[in-house]
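What follows is a pair of complexes built around subunit A, which joins subunit B in one and subunit C in the other.
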Partner chain A sequence: MSATTPHAGDLHAHRFHAHHFDTQEQQFQAGKLGMWLFLATEVLFFSGMFCAYTIYRVIHPEVFAFAHQFLDPTLGAANTLVLLVSSLSVAWAVRCAQTNKQGMLLANLVFTVLCAGIFMGVKSVEYTLKFHEGLLWRSAYSFVEGSHPDLGPAHEQLRQFGLVSLGIGAAIVVLGMLVGVGLRKARGLFLAVALIGILVGSVCLARAGVVEEMTETQMGQMLNVGGYALAIGLGSLITGVILLGGENRGARWAFFAIAATVVGLGAGCLAANVYTANKEANAHSTHAHSTHGEAASAAGEQHDVSHDETHEAGSQHRATETTALVNEFTEEKLLYGGEGPKFPGIFFSIYYAMTGVHAIHILCGIGVFVWIIYRAAAGHFEPSYYGPVEYVGLYWHLVDLIWIYLFPLLYLIQ
Partner chain B sequence: MSHEHSHHVTSLPVLFATFAALVGLTLLTVYQATSLHLGQFEMAVTLGIATAKALLVALIFMQLAHDKPLNSVILVSAILFFGLFVSFTLLDRKEYQPQIDQFLLDRDAPKVYADP
Partner chain C sequence: MNATADSIDDGGNEPAENYLNCSNTIASWAFTLDHKRIGVMYLVGICIALLLGGLFAMAIRLQLWMPEGMLFDEQMYNEIFTLHGAIMVFLFIIPSVPATFGNFFLPIMLGAKDVAFPRMNLASFYLWVFGTIFFVAAMLFTGLDTGWTFYTPYSAETSKAPVVAATMGVFILGFSSIFTGLNFVVTVNTMRPPGMTWFRMPLFLWSIYATGVIQLLATPVLGITVLLLGAEAVFHIGIFDPRYGGDPVLYQHFFWFYSHPAVYIMILPGMGIISELLPVYCRKPIFGYKFIALSSIAIALLGFLVWGHHMFVSSESTIAAVIFSGLTFSVSIPSGIKVFNWLATMYKGNIHMNTGMCYVMAFMFLFTIGGLTGLHLGTLATDVPLHDTYFVVAHFHYVMMGGALIAFLAGIFHWWPKMFGKMYNEFWGQVSAMLVFIGFNLTFFPQFYLGTLGMPRRYASYEGREGFPISEALVDQFTHLHRVSTGGAFVLATGLVIAAAVLLAALLWGRRAPRNPWGGATLEWTCTSPPIHSNFIDTPSVGDPYFYENMEWDPELGGFKTLPPAKPIETSEHQPAGSE
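The block that comes next holds the complex of A and B.
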């Protein structure tokens, strides 16, 4: 890359100046134009889902009025703030590249992926709890109105997931530190492990999905082994691919970036988990009050919350409604399953499509940022060449922009 | 290389002021949705605040305010086609009006069953 470009003899040519551009300025503007065209396709891509949302909300306002009680505005607002902070740090990173502040450039970029990790952590708590309650897309929706599923195991799972993430993050930091001390020589080994892990993982998961005569424990083992093998395989693949690059400093910071993401994931998950567990404990104590010590308080759901805390108006309302509608087996419920006549499952189909595709964009953003951080640490960016930082920044701002609309449309329905 | 200095560099105070405005608008929209009841203006206000935030991000963070107009044209035309798409699809929304009216009636009727 350095001395072999067609402009090698030209002292003024930059090492990243592609030969088919007359000037670097032309290269920069062309790249930016390309990015904007891609962002236009992104807007149109999301417009399909926004259209589905609009139509369904216009013709079935009652479904949205019913379903919004399951979305916590605090978590949504927290994630909005996390994305806004990360947008600021990206804009700042572009400025740092323009003004040649290499240290702040790296710091801002790593902070951005940390925020991305936190966003995914909060998201994972929201999704996990909804999965446990049966608040799924239309075909899998199994939530029974007025029921209070025990979310204790889900919170325990999330706590473990958060702690394991923090541990993995620390391990990746160590891995990054080893880069300069000979880890690079092991890249072939990592790629071999990746191949084996991905193969074994896929075979196990496929077997669990295909073979019909299998006991529950066998199935569980298959899923476990498959999941772990796939995770190890993908981890090794990422490690191997990063190590294939030529720059030690870049590789080290790529690992630090991944570590920051995973640590953010763990931290976001733990924080959101504590928040939701406390909130449920409050709702439960309200519930126990209004129904004079029903099973709820005896179900081992003691989250050490004093009973004299101020009750949220919303949960109180939900609790009284619950007592009114106590699991009576009405004709409607027979007809529509547990879902009731309103089909909130369709709301959740739209919810999962929109937030899920948005989350995939966050994941892609993390991947691209790891590459940008690799290049930033390798010293590729300077005031005369910083296009990639700006392009990825534009993408990240668009992802933030879409969330700016998703948040009020999904979380703040009245 | 000669054009390099024409790239706009956003100053730190501007970046932080934009961020503060975005946070303020986020808090405003949460307050509006949870504490105020604006009835029919609800949706307009919510989308208005979101659009104000989107403009801040697009003009300052994405630097469209100082960029070549063509990039803005691309974004705006994508949004126009989005509007066209949604409005055409909404043309037959009255199809379900009787059911919606029934829902509004039911919702506003006193809930006799709510008190056991």
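The block that comes next holds the complex of A and C.
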């Protein structure tokens, strides 16, 4: 961590030279060592889950061989590629800072968050579809072999999500332009909108959760309105806070960074959605069975008793009911605990733990990149001071590297 | 820089402004980046934690006065000992020495103005505060009763709210600990002044460095463990919970992979304090500097290889148990190196029995007992009957409390004049040390005996019950021993209260502390008492941290003064840190 406040008293020192370091070089080395040590803690943090993965794969190889077929290697490979490219761009950004190419520095950083957005978009498609099919962790796993879950609503939902994200991204760009021509005084307005949005959103969501005698459509509307209101509220809040910070150029680029992330999210989501929908359609037209029914091994699950209800209630709108059903399944599963690859839930427990924690790291990375882009646009980085770019780059490489391990371990099991 | 007669100032004319009074708004403390103020805030915080944990300890001791239990029912008793253990481990011992003395003195001993990342340092403190409030509130309001170890399957089966809240608290506290450790490792690596090579560092810094390495390498594993445990409790992911095909022993492996090294997070800084104080009070250079320094690193590394000895009776395979048992004994080698070097330092020394030294002596006695009884538990054949008895309780209290807490007290008496610029009453300080020593042994020595008699730990009563009969004679024996222990606990508590009173009284009525009251040669004794905001006016010259020939007692100052050197002190030509 380096100082961001200039030390006015010290005329000889660089403006970001912290007073307790003797030299710039010492400050840079300290920051770099700090980041490397932090990365060591990250490796150990993930090591727990890799350890759990190893143990359960050794104990239940058949579960892993069976369950990994629910993951689509094409989507995984696409995400791997996206992250590799982003690793390249962030390394390039460091080089640009060293050679004082301010334009390329910004372009590379924004491209990196764009990639991070695409990654999350693809991820959201993967997660949403699995949630709809009941491919969940151990106790909530409710996928029934041979069933044909109707993923239409899920695809429709994802399409909407992708389009709205693209729209929000575009809106943020416009907003950023406006900020650039001097809308700083409007920060009060933004904060007010933020307050209203967050209030309305929370109330809608709370109502959807609390009121029971509501039809599914009403509930759906409530959730949609709530979600969007909350999104707008949070967006305005971020805008207002950035405007409070001042420094126009930095603020504008921070907007563009957020816009790039959201656009990436939308684009990734739409592309992956189209891909999966097509794949399903093809599978339906060529076979009588669904893709998953085909992929699944012959040993069927014992509990197709209530799968129709599950699948009706599969949409997130009826959370409580789903939970109840899930518990029924759970009890039943316990009876058949020891037989064959019937309980792919453990695979998905590990899948969600590992990819979920990894995705949280991506989100943190996006947050830090927005801050770095703010500083880069404000002209803070130059050949004699570029530590923060390099530290964040190191972090990003690690997040990338962890995915490089996750991809084959989860998607490419033989 | 060479020390000359002119540049030596022993504190006759201290500047009026120091780090305590250079600014005094609340914000100037709340948002301070000064490592000294953060250290002081930590000191206040962990003393509150110690008080809380101590009160619960007294409640436990009172409960066991009667064979049928005196105060609580079983559920309540479970909650009380969970609170005691969790508060003492996570809130007191782990941050105690590094976060207070480490923060305060590490930069000063390096002649630096601050730690490498001051903002991260402040963040560490607030994470600690936030985690503490969260953790304690969670335990008080939801009745966590799993013990501080959160063993599955019980922790995954019992009501989930307390487990989730407490594990989140531990997660936050873990971050606080990582931030502190990371800061110290980077500071020592990159900010040592010219002339201070690795083997010219004060030993306290070696031990804090080793502690930082453990904090960095072990704490993240605890982080993921409690995260998975929380997920297990809420979602039943089937990794630790056998009802869902999980493995409860896997949890124990994960947990102890952190928590055994954490034992060394607790004791290593204490050992560093002892290594620092002994030569000062014996007026003699430390014996075997390199061995003490390297043994800290050896303990840190070996500490990672022995976690399996907590699971000798948890269905661990025989071969694993044998290996872990063997590795466990290896830790006694560096620990023994330290103890023998300390003894050799005292040999023919001019021992001053100041309060600090009294606590050091108490440490050496108690830690040695704690360490030697550890051998019984590391031996497979004796661990089986002793496992989960009061023998274990006594063993780790001798190490944790007799070691870490006593060292903390030694440090606080040694450095109090430097931190707050006031001298305390030596006589009452010595009385407190005596009471703590006697009270401690009265409390915990009988527990070794209780354990060998078969008294299990964590039981709310020992009168026996249907299905678990117990003979009259044994109940009598248990009762006597428990009562001695409870009586001792009150002596111990009295000693601690007196210690606190002595220190607080010093703040109000103590005479002004000179620059170097004990004659220490490390750099903190060259700055004013209390230090100024930027620690030093000029960068101090680095000398041998254990060279006492060039100073003598000055009755006028009430402290030691440096004699002008007969020949100029050589400054090393070594490159500054970071280039090695």
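Side notes on the structure shown:
One rule holds in what follows: the second predicted complex is superposed on the first by the 304 of 414 C-alpha atoms of A that agree within 3 Å, B and C clash if a C-alpha of one lies under 4 Å from a C-alpha of the other, contacts with A are read in each partner's own complex, and residues count from 1 in each chain.
Basically, contacts are C-beta pairs under 8 Å (C-beta built on N, C-alpha and C of every residue); 3 or more make two chains touch, one makes a residue touch a chain.
Since we're looking at a predicted model, the values are computed, not measured.
With both complexes brought onto subunit A, simultaneous placement of subunit B and subunit C is permitted, the two fitting side by side without a clash. Of the two partner chains placed around the shared chain by superposition, subunit B is the only one that A:Ser87 touches, whereas subunit C remains out of contact. The partner that reaches more residues of subunit A, of the two candidates subunit B and subunit C, is B. In the superposition on chain A, A:Arg95 makes contact with subunit B only, while subunit C stays out of contact range. Contacts of A:Leu401 after superposition: subunit B is touched, whereas subunit C is not reached.
Touch criterion met: A:Ser384 reaches subunit B, while subunit C stays clear of it. With both structures placed on the common chain, the touch criterion links A:Ile346 to subunit C but leaves subunit B unconnected.
By the touch criterion stated above, A:Gly264 is placed in contact with neither subunit B nor subunit C. When both complexes are overlaid on chain A, the residue A:Gln29 reaches subunit B and subunit C alike.
Using the contact criterion defined above for the overlaid structures, shared-chain residue A:Leu44 touches subunit B and also reaches subunit C. In the superposed model, A:Glu62 lies in contact with subunit B only, and not with subunit C. No C-alpha atom of subunit B lies closer than 6 Å to one of subunit C in the superposed arrangement.
The contact surfaces that subunit B and subunit C form on subunit A in the two complexes overlap at residues 25, 29, 33, 37, 40-41, 44, 47, 51, 55.
Residues 12, 14, 23-25, 28-29, 32-33, 36-37, 39-41, 43-44, 47, 50-51, 54-55, 58-62, 65, 73, 77, 80-81, 84-85, 87-88, 90-92, 94-95, 98-99, 320-321, 323-325, 383-384, 393-394, 397-398, 400-401, 404-405, 407-409, 412-414 of subunit A touch subunit B in their complex. The residues of subunit C lying in touch with subunit A in their complex are 107, 112-120, 178, 182-183, 185-187, 189-191, 216-221, 223-225, 227-228, 231, 235-239, 243-247, 250, 254, 576-578. Against subunit C, the residues of subunit A that register as touching in their complex are 1, 18-22, 25-26, 29-30, 33-34, 37-38, 40-42, 44-49, 51-52, 55-56, 137-140, 330, 334, 337, 343, 345-346, 349-350, 352-353, 357. Looking at the complex, you find that subunit B touches subunit A at residues 1-4, 7, 9-10, 12, 15-16, 18-19, 22-23, 26-27, 29-30, 33-34, 37, 42, 46-47, 49-50, 53-54, 57-58, 60-62, 67-68, 70-71, 74-75, 77-79, 81-82, 85-86, 89-90, 93, 95-96, 100, 103, 107, 113-116.
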